[in-house]
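First the structure, which I've put down as structure tokens, then a few questions once you've had a look.
Each chain gets a letter, A, B, C and D, in the order it is written, and its residues are counted from 1.
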């Protein structure tokens, strides 16, 4: 079942290791088949060294395991909320990558501070509000997804304008039209977060405001995305 | 004698190098056989390049060499104090890993600042008080162990709740149920310390308090540890 | 056409990856043949993994594609402005390397702070003024080049005295007498930027002024460059 | 002539690259034969990739080339001053390693801040005073050595108590009883400098004093060095 997607999801889980985004088994990648609404996701806590494509778990959008000998990632319910809310999303990644997680621990957004950000994220990468005691003690992983969606709705940001989020005191989730694009966005996010952290640190010390020119932001995002994009071989 | 344990301790000493936790011969790993109360530990100042499993030294809990052609690690007496005080401990690691050592030099605890910490450490990773002149000039390595134990007792932290400690102006010790788990915890500690340092730096600059939500901390630690854990394939 | 130059430009694009200056396809290198005034440049958004020397694009100084099956780098117009203004330049590199980009995001020059800088850059590496709305919405990439040239003219810096520039809220361009030298300068710039950032951070915290001794700066630049240079096997 | 020493000096120059202390040809290592008072040193500006042991240059203590087809390192005169002043020294290394150079650019000593420092350096690693216009415009490289010696004399530090120095606004020199020990000390210095920088940054932000317990410093240095050393297999 979904053998091609399993292989892709498996390979993107390994790509997280190659790109130095995860220690041990800390990350997880999933992909969705929009025709059957079935999600392929990494099993929970299985070593990357021994993991194979067949170990990927297939779940439906309610979280029932449809196929697989392992339990799915403990973050599965968060992935499912994102798939249900954002129809454009074909793949999702969760990591505890160093700089994105540091920003999540500080509890601040990653603001647009330069064209590297603007090439991939049109808005700030938002940091969610702290979760309530009820949300944490209830269906925690599902509620993590709910709070992510709430953040995007309240701020009026689409899933395309910021293909990543920082969960407060936790870490980043990234997504994209495919598992490959989701991992790409997670790699970009980490680099953008590292530069944003160090930019903010110095700007705060120098009392310079943290923002960037809106016209420049528009220009860079729109030359890579949208109907008039002219970057690459389009 | 204890050939299997010697091999494991040897391999975990190499793992410290692979994980970039040590320069030259700076780290040491030990393991204990709780049936005989014998401890296997790295020899002092021997190159990792030429070291083999047979070079590991066997000592008893009083520090007498029971087998081995080399002198044991100069930190042996510290390891022994920890084994004597914490019965749950099966392996111990000492490194001067960059960020954990930096926090020890600053002389501050690594507070829980996010779920990466909470996934592995239930409490702060405590920094010991400075040692007295008498403690340093006396049985220094043994007293290092005594001060570690004192820190955990005074703060009412168990060896399970924080499987690592920062020795003031020195560096970290980590432990676990086995040598493998101790090294795992040392790797996690270094990553947690790096993120904590940078989180604290920015939070101090922004005048934000350094702490995390207690419910979130409980949730993450207990979903991986304890009777109701549901992470991994349990 | 220009097969030798294509090969060199191709290899220097790969060198950017080997030197950890670029993620994915983010950088670009070009070289000029001053006899024909033709420029060889990387194609836009093509993977480094599959790219070959034949994929390099040949353009004239007005930006017309003279040979090549791909579209040239989206930054081509910026390269061309630099080639037209600075006759000494034989190769140009654009990257989003971490520390040079961080300084560009902060919007500050990289001041000469030590002899590592002075060995390669005689003046500060200047950061351009923010571009106007008209410049961004008009011929953006060409105007990026115009603002670079303006910066050097207004500050009375020659293309030899600072073989790199930071484009405000964007990132660095480096150049040299050849594509190889341009990449060399981009590597040096990144190291100089990293040390300058951390020097400035601490100096600001300690209220120490950010500058260096002018005689020392003269000495180091002139012992490597100019008529009386005595570094290397000259 | 001195073929064995040439081979060792050559190999230690490569070790600088393996240990990530140098970019391109930035570093240099030398060794002295105390019987003949001849010094073997890296040639100036020759690529590490093509360099061989035979390319090492032999000079006497006045700087005359005794053997070798290349010019010796431009820093040769600094090495010679150190060999003449410090009889215990058998090898010298100069690098622009990131963190030691950053501290030199800030213009501050590397104070003893923890036992990693104390294991290898008994005193602070001193930063020299700025050189005068006359010293820089005169015999610059020789005067660099003179100022290093002056610093140790004025502060009453021996060449054993701090086997490294930071040259103001320049970078570090390290030494040892052999070229191998000098490179070892350069590697240790870089790690100690990195941790010192980050410790100082946070301590300054938290208004904590930058120093360490003198008894602890004594203990760690003396358990590795001097007549009562008990570290390693002594």
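Please note the rule applied: contacts are C-beta pairs under 8 Å (C-beta built on N, C-alpha and C of every residue); 3 or more make two chains touch, one makes a residue touch a chain.
The UniProt protein names, listed by chain, are A, B, C, D = L-ribulose-5-phosphate 4-epimerase.
On a predicted model such as this, the values are computed, not experimentally measured, just so you know.
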item: Interface numbering overlap (same over half, different under half) for chain C and chain D; value: different
item: Fitted rotation between chain B and its twin chain D in degrees, CA, nearest 5; value: 90
item: Far-end chain from chain B, centres as C-alpha averages; value: C
item: Centre-to-centre distance between chain D and chain C (centres being mean Cα positions), rounded to whole Å; value: 32
item: Averaged-CA centre spacing for the pair chain D and chain A, given as whole angstrom; value: 46
item: Multi-chain contact residues (two or more partners), chain D; value: 201, 205
item: Interchain contacts (touch definition) - all pairs; value: A-B, A-C, B-D, C-D
item: Chain B contact footprint on chain D (complex, rising order); value: 113-116, 184, 187-188, 191, 194-196, 198-199, 201-203, 205-206, 208, 212-213, 215-216, 219, 223, 230-233
item: Sites on chain D touched by chain C in the complex; value: 23-24, 26, 43-46, 70-71, 74, 96, 98-99, 101-102, 104-108, 130-131, 133, 136-137, 140, 169-171, 197, 200-201, 204-205
